[in-house]
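Here it is: the structure, laid out below.
A, B, C and D label the chains in the order they appear, each numbered from 1.
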Amino acid sequence: MPRVQLIGATGYGGLGMIELLLAHPEFEIASLIARDDAGRRIDEVYQHLIDRCDLTVQAPDDDIIGSDCDIVVFATPDGVSQGYASALADAGVRFLDYSGDFRFGDSAAYGRYAAAHPSIADGSHKSEALFDRSQFGIPELYADKIADSPITGNPGCFAVGIILGLAPLFTDDMIVDGTVTVDGLTGSSGAGKKPAPLQHFSHLNDNVVPYRVFAHQHVVEAQETLGSLSGGPASLHFVPHLLGTTRGILSTMHAALTKTATRDDLLARYREFYADHPFVRVLDTPSTLKGTAGSNYCDISLETTPDGKRVVVMASIDNLMKGQSGNALQNLNVMFGYDQRAGLDRPPLYP
Amino acid sequence: MPRVQLIGATGYGGLGMIELLLAHPEFEIASLIARDDAGRRIDEVYQHLIDRCDLTVQAPDDDIIGSDCDIVVFATPDGVSQGYASALADAGVRFLDYSGDFRFGDSAAYGRYAAAHPSIADGSHKSEALFDRSQFGIPELYADKIADSPITGNPGCFAVGIILGLAPLFTDDMIVDGTVTVDGLTGSSGAGKKPAPLQHFSHLNDNVVPYRVFAHQHVVEAQETLGSLSGGPASLHFVPHLLGTTRGILSTMHAALTKTATRDDLLARYREFYADHPFVRVLDTPSTLKGTAGSNYCDISLETTPDGKRVVVMASIDNLMKGQSGNALQNLNVMFGYDQRAGLDRPPLYP
Amino acid sequence: MPRVQLIGATGYGGLGMIELLLAHPEFEIASLIARDDAGRRIDEVYQHLIDRCDLTVQAPDDDIIGSDCDIVVFATPDGVSQGYASALADAGVRFLDYSGDFRFGDSAAYGRYAAAHPSIADGSHKSEALFDRSQFGIPELYADKIADSPITGNPGCFAVGIILGLAPLFTDDMIVDGTVTVDGLTGSSGAGKKPAPLQHFSHLNDNVVPYRVFAHQHVVEAQETLGSLSGGPASLHFVPHLLGTTRGILSTMHAALTKTATRDDLLARYREFYADHPFVRVLDTPSTLKGTAGSNYCDISLETTPDGKRVVVMASIDNLMKGQSGNALQNLNVMFGYDQRAGLDRPPLYP
Amino acid sequence: MPRVQLIGATGYGGLGMIELLLAHPEFEIASLIARDDAGRRIDEVYQHLIDRCDLTVQAPDDDIIGSDCDIVVFATPDGVSQGYASALADAGVRFLDYSGDFRFGDSAAYGRYAAAHPSIADGSHKSEALFDRSQFGIPELYADKIADSPITGNPGCFAVGIILGLAPLFTDDMIVDGTVTVDGLTGSSGAGKKPAPLQHFSHLNDNVVPYRVFAHQHVVEAQETLGSLSGGPASLHFVPHLLGTTRGILSTMHAALTKTATRDDLLARYREFYADHPFVRVLDTPSTLKGTAGSNYCDISLETTPDGKRVVVMASIDNLMKGQSGNALQNLNVMFGYDQRAGLDRPPLYP
């Protein structure tokens, strides 16, 4: 069984990966590593894991990173994996990173991302030489490349829904550039487990809070990816909104079309586009936030205007699954040649 | 004291008006009328009114409608007030209607609205002759006309935020027609108190559900009003979303601008436009749903793209206050010559 | 593979069983039967099942009930299974029932239950002769009997937490009779999918609503079971509270002790009592509602007063899992000789 | 107009008092004082106050405390007011304190409270000499004493519901000592505005979390008060539960009765007991959390067992109103001779 070393094991992203690995038929957990809570058992950190996992969290000492495992998963913030990347590459250890460190194939694109990121001080990167050995991890678009890649950059949560929601239209050059608006609605868990004023219950409950208006960093990878599909520019006008709910992202995406189309035309095209992709479902009725909760699905729906000149696409994901850990495990499945569904074939939790 | 007869007293819209009238320094309640719950005391229907209001709900018999009062408020669905309108007009009794029956100045516009409305069977109207004696009730735009009007058509909840949020831009011809997209996020209370699958707790809790995509009737009155401000067409591409929260509407509105502008330019213009209007607040930071809850405020904020060619405007209201009963009372204040703030000068309930 | 016929397939209880059976290594679904939605595909009724289950719901015609299957599961309200029970017994078809029809071993106990039930008109029962062939389905207490029983009466949701939470104390005669108070807190999903005023979102959101105070029917089976453990009377003073959340029941149970005990004494005894039961976890810190959400666990914690004379026990379950479908599948596993964990070995969904 | 100096102005408790004072016909705000956010305008700290209050928060310098005002309100944690108390007493300035510093008439009782409090290091108090000049602030019980008291100790949020809910029974010696159990359910806002793991949205949403089981400090003042009403001991077995909601406390209180009584007997007695108290409502149906939200009401309901030997009392308050700022203003009204309802006569916000 391939052994997975998990770094950043005690955040929500690490937690999700632990739970998925425990249920996976092929992988096993090699070690749990985190700066916070090192020395504690994971079921002390997360009591719902009692009787399920009693591994002890280890500190991220240099000599442990990458040792005794077949792959490393960095469930860590921007800037962490790039510090270990060269050593891992030299040792021939593959890794997947949750952050933006290895989502971009070149320095210019990374620089645009870094400039938009509120917690990246400058655009420098410690391992730019590895950009051409890394692959952006959208398995619906890049499975072949992910399969062989030593490094996979797992996408940002908002980017997943936006890219999957618009990929068929950009691929077909159906979008009038500059007309795309995206209103993203996200649950609170994307911000992680650290208490903060925006995630304080009394503030967020029953609330909707737009933030980083036109300035969220995830839009950069979405623009890069969609632009590469169309072969032209792809500008997105993106407004994220924080919701008083725990899980889920619903992205509502409007655009003008380069040629008229009916709803049925587009639904047929989407269904063709995603025919071989088990985690994208194209629905006849509007996607709902709860329709994907707890699952790895991306539920896509759409509507056109009566004149066929405009479209709105709605994409729902669970931000901690298809928007993070689930997509990461899907990438691991691809990297190790397993069925993409392995360990991920579960329904949404409804009601 | 002017005496208000309230029809549809036992719905959420009626309830809101009861509470506001009880706290108003000038108005008094003449009678509470409703088909449902007739014969019961209002504090049996709504127990939170115990010790506050013990009036008995009366059935809507023809001889009681309009009698012994100075104004009638119809907190009723579409189609109700138009049946009583002629008799009231003949008797010289003014009225305000919550529904779309008297929001439109002409039959063509009403017909467009009726065609979009899911529960209006045809576009016929029983009192079209009174259209030219009615006034659409946005007091920030039409206070002078409302003051003298025998009939006020209180706006739809979504329309309030959209109209106030975009009025300065349409007035100044700043909007490129056809580019406006609106994603509206609404709490559940707009659907009223009648149990229904979409408002079933287990379904709606933690959920976001887009509905009537590009097909909500409130967009018609918004288009009519904004078009009249600009003197041209005003097409809105509107997607309402039902949220798992009780109160509030946040409307996020994107548009391309006819001439470039900075955020500061537009904020200054908005502050000038609403300088004399006590219930519109122009904020420096994004409007939040909870920032207006329980109050009659409309909180507006905005952002432009770096190139100054596009804008997003965010408007927050409490759908049961500025989106319904609060705006209705504001109209009553105007109709009777009181300060618009009378009975409405309360802060949002935070946290 | 044993084939399961599911009656009442389109309610929340039926839905839960469908999802569990789909993921089970041994069982397969023979047929989905329901009065509502007969003729529709189950993934039209519940869209989150798209790509997961496309069976068509069949009407409950007499000739289909019990045919072509190895066991029947009635996910139906009180009074349904008793009408089919004799025919199934005659045909030698085993069944499990979610309702109270077969939770009681004798007519007197059933009569007490029926008298407390708001929707059972009288205490008569169509198949009392089968009472001695049925078994109350708490697998932690009665696995041996369930294994051989032709009929299993799955417990009421509140009863599960109360019984598991108090069973060690009643077994050891530690409870002073008449001193037990239970405050039960339940999510809305226990009331099913049918819209109703108590489950209307605008009413229930942010609310807590006590109901059927001292009068909930689930207390009867808890009293019968706990009394049989102690060999004496077991009276419970039970107040259920409806919460503004979808899933989960937290039962807080106070009692005076017949002999003093420390917290450590009792924790040790509970851990011994449940040592061989994989779904009961005895925690060192207070049980939380979310700590079991989506899983089949019952999380128990407790505290004593400093003088050792009183105890409070807190038990958390997911009302739709250990409180309903999960416990039902656990019973099916026992009835067919599988590991109790088969198809149920999943973590809570956290956060 | 009496001028109120508010210390701790930027916490939720201070915020509530600001809003109430702004709406009060008699009081005016003299100054807002807080260590956090000193130098900022209050409508920068709380944006929903824009256009309502633009006072600047001042630092708590010694020379400002108690100057230029008619009364000081300490909306501060335990230990703050006792440091200023002697100076204020010497200067003849009355004050009201939200904390436990002046809730107790003697050192022994304060010591019991301090011992139970998780953030009071020892039981020493800087101003014990003032205990006999202070009054515990339950206006329904002690209005005459509050009216003349130089110091009022506003009660803890849980204590308000427990004391009002049980006062008639303890007054009448109806309670069998040692049998009272209280399960208290509280919204998150009682913990204030400081982000913390228990109040982190992703953790608390949809959750119920028991805490400080049998060990919450508010029980001490409830026991002292109820014991003084009965003239005997009053022991309460209290388990607080944190809910995933913002506002409200519902306390469910069970007890054995010294003499049998029917529900009607007790309701009549409660109504007599609270006849002259405008903020206590005795209901015929169970109290609900939302039934008091945003108001100063305490809604009490009860049920007895069929044998008349036991009772459960349910009391609902808004923890930030009757549980804190609303009760505090009610006390100020009493201290200055105004109608208790002044500035507080508002309905709950429903739905």
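Observations
FYI, contacts are C-beta pairs under 8 Å (C-beta built on N, C-alpha and C of every residue); 3 or more make two chains touch, one makes a residue touch a chain.
Worth saying up front: this structure is predicted, and the values here are computed from it rather than measured.
Common partners of subunit C and subunit D, by the touch rule above, are A, B.
Taking the mean Cα position of each chain as its centre, B sits at the greatest distance from subunit C.
In terms of their C-alpha centroids, the spacing between subunit A and subunit B amounts to 39 Å.
Centres computed as Cα averages put subunit A at a distance of 46 Å from subunit D. Between the CA-based centres of subunit A and subunit C the separation comes to 37 Å, rounded to the whole angstrom.
Among the residues of subunit B, those in touch with two or more other chains are 12, 187, 189, 193, 202-203, 205-206, 244-247, 290, 351. Put simply, subunit D touches subunit A in their complex at residues 12, 187-189, 191, 193-197, 199-206, 244-246.
Considering their complex, residues 179, 181, 183, 185, 187, 202-203, 205-211, 213-214, 237, 239, 241, 243-248, 250, 252, 254, 286-290, 293, 301, 303-305, 310, 312, 314, 351 of subunit D touch subunit C. By the touch criterion stated above, subunit B contacts subunit D in their complex at residues 12, 15, 19, 22-23, 46-52, 189, 193, 205-206, 246-247, 278, 281, 283, 285, 290-292, 294-295, 320, 346-351.
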